[in-house]
Each structure stands twice: as C-alpha cells, then as structure tokens.
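Next come two complexes, and both contain chain A; in the first it sits with chain B, in the second with chain C.
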Partner chain A sequence: MAAGYTPDLVERWFAVARTEEVVPRHVVQAQLLDQEIALWRDDAGAVNAWENRCPHRGVRLSIGLNTGTELRCQYHGWRYATGSGQCTYIPAHPTQKPAATMRVARFGITEAHGFVWVSLGTPAGPPQGPATGCEHATTLRSIYTEASAATIAACLLRGYRFALDPLGADESSPDAVVVAEDAYTLRAKSSHAGEREAAVTFFLQPMGASQTVIHGLLTTHGVAADRLAVLRHHHRQMTALRDAAESR
Partner chain B sequence: MPRSLDDRETDMIKLYDFELSATCYTVRLMLSLLRIAFERIELDVYPGREHESPWFLAISPSGELPVMNDGGGVLTGVPAILEHLTGAYDPSGRWNPRDEPGVRHGIAQWLAVAGQLNATAGAARLHDTMFQAADIEACRAGAHRSFRALDEHLWFAEQSGHDWLCAAGHPTIADIACFPPVMLSEEGGISRLPYPAIRRWTDRVKRIPHFTPMSGIFNAAPLAAAPTSGRRTSA
Partner chain C sequence: MDGGGRCVRDDACPAGRRVLRPPQVESLLWDDWHVVAEFEQLRRSGRFATALLDVPLTLELDPDSGTVLARAGDEPLASVRIKYGFVWVCLGEPSRDIVEFPECGDADRLLGTAGSVRVAVSGLRAVENFLDLSHLSFVHAGFLGEEPLTEVKPYSVESSPQGGVIATGCRVYQPKASPIAREGFDVDYTYAVLRPYIVVLYKANPVEQHRRDMIALFVQPVSAESCVAHLLTCYLEHGVEPAAVRRFQQFIFGQDRPILENQLPKRLPLTPAREIPVRADMASAAYRRWLTDAGIRYGAIPAAADPAA
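== the complex of A and B ==
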C-alpha cells in the first residue's frame, strides 16, 4: 500500500469519484497509488474509503453488500460497521463478539466540489478547489486513461478548447490557456468572448504508474442552455486528451 | 446423456443447457424474470464435450448452446430464444416492445453488442477457465474497447434519467443479453474497475424482481424501503 510513493503523494487529497456516483447500497471499486479501495456511502450519507480486502480471507469488499450500515463480505458474510470498519458479526460464530483487531483498514475521506476525495495519509487541510469566481460548477465524466499523470499533464498543457462549435467544424483547435497548479491539478481558462472566466479544473487521480483517472470540474458564470451538449463537448475534448496520452 | 426431441410428452419448455455457459445463463435469467417453468437438459460441455456428440448435433448442427424446444419448435442462440420468449410469454410487452421503433432498433443493436461481448469477454473467460482456444490478448483488448463504449453509453443515459441500455423507462432484453458476459468478465482477466457506470448498471440488473444468479454472480444489496436522503438511486 503506497509503497514506493513519496510523502507528498501520500499526505494529500486526490479526487477518486464524483459525489453523485457513490450511490446508496453500492460499493465503488477505486484505486489510488496502487492501493485498491472500496468506496461506499451509508444510509446516513457518510462515505467510507476502505482497503478493498476483507481481513478474513482477503476477498475484495467491492463485491460485497452495502446494507446501508455495514459492508458484508460476499465470501463468509463477515460484517463491518460504517465509520469504524470494525467487524460486528461473523455468521459462523453468531454469538461471539468479533475481536477488536478484526477491522478493515481505512483511509482519509472527504467530499468537496462535487467529488469524493481520498488520502492514503492524513492531510492537514481540505482539498484545494477550483479557485475561480464562478457560481456554477458541473462535474464532468471521469476518464480512465492508460497513461501516467505526467503524460496527461504534458498533453493538457498543449491547450484545451472551450467553444462548442455547432457545426463541429474545428473541434480540435485550442482556445484556452492551460496552467498547472501542481502535478495533479491543472486549469484550462477560456479566452472565448462569450465564456467570461469559464474554466475546467482537471484533477488527476494516479491509480498507478501508468493508469490515471482524469476528473474535470467545469465552472461557469451562467447555466448552459443545453447541459447535455456542454457535457458532450467536454467529453469529446477529454477523450481526445486520453487518446493523445495513450498513444505517446 | 442422449435424448431425442420427442423423448418427453410434457408441454414444458425444454432448454438444452450448460450450467457454466454465459449464453445459457442469459436464457435461464430471462426464464426466471418471466417466471416460466422449464425443463433443463444439462450437457457436459466441459470437460465432456457432449455438445459435439452425434445426438446433440442432430438437434443443433453447429453444436451451439443454448438450444430451446418449445412445443416442437427448435430455437438456437440468445437472440432467437429471447425474441420467442418475450413474444409468447410477456403479457406486459415491456421486455421487447414492438410498438416503439426507437426501442426496437436499440434492442437489435444491443443484441449485436451482446454477441460481441460474448465473443471477446466471454471467449477470454472460456480460455482462462475451460482452456478454450483463443487469441487471449485480442479478446481482452476487444472486451475493453466494448466496455469503454458501454460505460460511456450508460453514463450519458444516467445523465438523461435512464437506468437501462434502451431509453424505455424499464429494462429490456438488451440489458439481459449484455449482463452475463459483462458480469463474468473478471473470470477472463477483465476488471470492471475502470467502468463505474457499468458497475452501477449491473447492480440495477441484479435488483430486477425474480433475478437469479449463477456461479460467480452474487446478489446485490436491496435498496432501502424509503429513501433517506432523497437522492436518486442512479447518478
């Protein structure tokens, strides 16, 4: 777990999923810095980021059952409580209280800016947000990419395109400047006349050395008339980014 | 064991079946969802290769499974069998709506996709678990290409308020045909970690009333009786 990764990567937040995708009675299977994570929301709305490995026989908890208050391992039915990760029930020994040592390893988790953020360490402050003056924020579809974060950042720094071209004539020419806040946070700011201060902030989630999830947060001053058209436009840009990074 | 087409006098649907086959499971799943009783004639496909025996080739010349005999009519393969079952046994007309051209065309398209999924992810699984010959790298690469497209489709469907492959407001045979090869993909070395929309959709399929699993497929946790957060169950 996080072996070989420097403290600056361990002690920080990474976006790992859009908030609206961590749905009730579901377990999201995620991966950060080679660590597999079982991500789930209880019925009260609290999120958990657990090592994706049942302490009993190592079976993935992501195939288990989210009952709303606990995760139930698919293999032998061992149950682990939300929050503490403590084993609360072992079907084979129904009258015994499970040992306090039977607990799932947990990671730091928080929600902000439309995303669920996980840390393998204990960061001091909250995740850094988009830092634009815009009132409206929309999370874009996250793009799973077979490339390193560094490769993706290099491709992104070549430019990004905001303007939706209704005729689809020139979707490839960039019209936005991209700056990197750090190796995993980049911002494309629109210079298009009608899109005052619109920006997409890209949060890169390093799954491993050569696998990255590209998360995007679009911030605008007004709400777009055709929300789906906007989502599809940025989706086209981001999949082109993925294709460019994967072909490097 | 050898059987002939007129072995039994019963009116019950006969399904020539192999328990571990994803395509046979597709049919068993549809039969369960429609609550239809049927007689299962189990072949020892692996390791016995019974599907290559003369008695079965007389019924299905390609040796292909699943095969269904309903009242003397023999149907082979998932698309034909699902068409027949929904035509004859679905009074709701929802599983395979014939009156909505958009949905009908969508279903035809997704049945073709299901065939591709079985030919890639399904073939990878048969290679890894039953030593069936395959170009395993090509199968896995093909499966990932299909999964990427499927995940994108499902994500945008969710954004439009749809939970299923076709924009029909309820599941159709498109979902039933595509579900098994997707759900069993990890047995062929294809992880669904990069496809979160697919993973949410498979949970929804598992919650369809009268869903039935098979070896390697587990039930999903039921939804809460009344939503506590007011949040929609799909994104």
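== the complex of A and C ==
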C-alpha cells in the first residue's frame, strides 16, 4: 500500500499504462507506490482502477473476468459493478442482496495524452501534459526498470539523444536538452538542423522504491515516413536508458 | 531466513537432539507432528531436503533398516515417523500423537498419497480453501460444481471437543465428484479441521452413497508465507485405480493452486474486517475464530497486528 509515501505522491497523477493497452474485456495489473491495481475498461469505454484484491477472500481481481459491465472474481464468482465497485451478486446466496460494505476500494482514474493515469489520492487538476507546440503525439513502448525514479531522472539529466529520422542513420544527432518538469516528468527536446523539432516526454511510474516504469510520449511536427522504424529507434534508446539506470 | 528461525543447540539438552523453538512459532505447532515428505519420494531419492516452520530439514533413508534420519540443520531429530505413506516429524517435544483415521484400517479401502505440492501462500490459506464450499462451482467447474447450481445451502458448524472445527450437512451438486463418478449427484460433505494445519473431508461414495470416501490435507508450513500441501486419499475400492485417484486429486489441486497464489496478503487475516464473510463461509469463519482462540499467529495476521482491523 502507499504507506510510507509523502502526501504529494499520494495526491498526484501517475501514468500507469498506455490507453491502447487497456483493451475491452481484459484486466490489466499495474502497481503504483507499492499498491497493486486492477485496471479494466467497461464496454462503454470507462476505465476502472481498483485495489487488486477481492474484498471477500483477497484474490487478485486482475485474474478475474471483465464481463463488460462487471468484474467477476475467479474464486467465488462475486461480481462488482463498473464505476461504483459495489458487489452486485454473490452466487453462493443468489437471492441475497449484497451489503453496501461489499465494495472494492477504488482509485482516481483519468485518461489523457494516450495514457491511463491513476492517483491514490484525489488530485485537484488534470495530469501533467507534454506542453509543446508539436501537433503529432505517439506513445512509445513503456519500459520496466529495476531502478528508482530518482535514478532514472538522474540518468536522463546526464544526457539523452535520439534521431529525428532513424532511417537516415542519424548517428550525429545532437544531444537533446533535458528538462525536469518535476521529479516524475522529464522532457528531452531535440532541434535538428535548426528547424525541425521533436521531444520525448518521460512519465515515470514509481511501482515501489526501486522499480519504475518509464512511459514515453513522442511529439513531432509532421508524421514520420516509417513509423515502425521510429518506434524501434526510441525503444532502443529507452532500453539503453534502462540499462544505464540499472547498472548504477 | 531471519535470525529468529536459525537452529541452535539447546544448551539444556547436551545430547543435541532438540532445536530451540524460534519466537515466531507457537508451541502448539512446534510440539506437534507435521508431514514433511511423501515417503515414496524419499524412498526413490534416498535423501530429501525441505523446511518446516522456518527450520531447514534433511531427510535420509537408511536402505538397510528402512529408518529415516531427519536433521534440523545439523541436529538429528528424535521424533520421526512414517505413517499413511508420509514422513512425519516433530521439532519439539510431541505434546500429542499423529492424527488417527480409523477408516484407514478398513480392508475394503484404498489408501493413497496424491502428491505434495509447493504453494507460495500461508498454509492456513490452503486449509481454508479446502474447507470452502462456494468456490467449487467456479474453480472446479464441471467437476465439483457448476453454474447455475452455485447456491450454498445452510450447513452446521460446531467446535470439536478436541479442538478444531467440524462442518456437517454440507450438500452440493457435483457433476464429477470422484474419479469413478459417471454422473452428477448431490454430494454430502463433512469437514473437520483437526489441527491448525490439518483438515479432512468426508464425502459420499458414488457407489455406496451411505459410506464415505475420505481425503485429508496435511499442510507443511515451510514458512509463514509458503507451504507444501500433502494429500492423503482413502477411497472405498469399487474399481478405483490408484493412479486415477492420484491424477484426479492432482488435477483438482492444480486448479486451486493459482487461486491460492493470488491471494493478498499471503498470510491469513483473522479479523473479519479485512475479508468480508457471508453465510456460506461459516466454516472458514469458525476456523479463523478457532485459530484466534488457540493463539495461532504463525501464517496468520492476528487482529491485533492488522492495520485494517
């Protein structure tokens, strides 16, 4: 649970998954500040972020079944309604109305910039965005690391580079200018040949004290010719960042 | 393993045949018998390493005498026995004998071990799962239950004079109640928790429905958050193949294992505030109450230590 974390961490948003990963009729397991979370999208498109345990006998809800309107626990088939988390049906007692206390603990949830954001508290504003003038945004493949968010941030601030046109084998691409918006949001901005500009905004998800997921959002002017090559290039760069952080 | 669980020589016992009880283990568990291996497995390998109550154990079979030498760390244990096809040890001074099952002496019964399965959860969770009626239609769908016949009808729970919990009058519809069942029928169940880590169930035999097959679960608490589940089956013969019984029980337990390993927390919370029970959970609720009354903390989260309580 989030015990031992400061209120500013509890009361802020963190990206915990890419929107495209939280697909209908599935349940995604995430972890934020040592709290396990079950993420699931209902058929109307709304995403739920729930404590990852059934209030009845503690089984992870991430192994449960997303029926589109309810999440069904694998152990005893108890069903919980989207939105409220209220238990709607207890198969062992089909005629009994479940008590109001039979409810899954829920967390704050919102979707923005291609990510699902969760807060263990109740933040006032929306999540931190990319804040650039670029019109095209692409979410990069998120990377799990065995390193603290502070270590990732320190590695990024020591230097990060990426090519604007990976197909051009642009090994001479200049170092990006890395700015920390806060301890969990860092932006690497790169100007190429003085005119074209691109940025990767990194959203760090602290799973716990020494495990962090790096989420990346690429913003560019214009669409790259070979999207797959661009994604692969950024994946290589982020993997190198992970390797550097894990060897520190 | 932490310092509290290390085996050290008991100074009061220069023969070195006892180990000192770690502070996290209650004497009710320490001075009791626990299964630590299936005998057949030891017979085949000759030597077997395991752990009980945070204490590392090695078992060695003397091929000439057929006796088993058990060591806790380096200390030979005085209390080692073979019974029901399993190797039992007591780390302390046995305060009572190994559980007795009179049925096991019946000439027309087939006694068998159904294997030993390591489970990454408190053994108390494994015992509770064994007692649980309402999961049968879901975890064992098509065998020990099925939708929509999910209702758990009222049953009786009482505490046993010898300690423990007995649940009687449990009736559940089972599509395939045993390896020889050809059709579904309403099965009559009785459960008895005999020791904190030992539970047995009696269920109506598909051929002689007035007599009952017996399945015992001996849970070996390896640590507070991991265990080995050992199953003993005692079926009426009626054409039962030992290999089929074993296969059936391993299949059923294979369905329980992923559920058990996905329970959070791994230790069994004893306060009802942490995990909400319903009427179908009377047996599990009584088990948790009995553990509380017996002062069992090993493998549990006692109410006093639970921030959710």
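Quick notes on this structure:
Just so it is clear, the second predicted complex is superposed on the first by the 235 of 248 C-alpha atoms of A that agree within 3 Å, B and C clash if a C-alpha of one lies under 4 Å from a C-alpha of the other, contacts with A are read in each partner's own complex, and residues count from 1 in each chain.
Assume a residue touches a chain if its C-beta (ideal position, glycine included) is under 8 Å from a C-beta of that chain, and two chains touch if they have at least 3 such contacts.
Just so it is clear, the model here is predicted, and its values are computed rather than measured.
In the superposition on chain A, contact of A:Leu231 is made with chain B only, not with chain C. Residue contacts after overlaying the shared chain place A:Ile63 against chain B and chain C alike. Touch counts on chain A: comparing chain C and chain B, the chain ahead is B.
Of the two partner chains placed by the overlay, only chain B lies in contact with A:Gly45; chain C stays clear of it. Touch criterion met: A:Gln74 reaches chain B and chain C at once. With both structures placed on the common chain, the touch criterion links A:Gly125 to neither chain B nor chain C. Of the two partner chains, chain C is the only one that A:Met102 touches; chain B does not reach it.
In the superposition on chain A, the residues of chain A touched by chain B in one structure and by chain C in the other are 36, 63, 74. Residue ranges on chain B touching chain A, taken from their complex, read 152, 155-156, 159-160, 192-197, 199-200, 203, 218-224, 227-229, 231-235.
The touching residues of chain A, counted against chain B in their complex, run 17-18, 20-21, 23-26, 28-31, 36, 43-45, 63, 65-68, 72, 74, 141-142, 144, 228, 231-232, 235. Of all residues in chain C, those touching chain A in their complex are 132-135, 137-139, 147, 150-152, 258-259, 262-265, 269, 274-280. Within the complex formed with chain C, the residues of chain A that make contact are 36, 52-53, 55-60, 63, 74-77, 90-94, 96, 99, 101-102.
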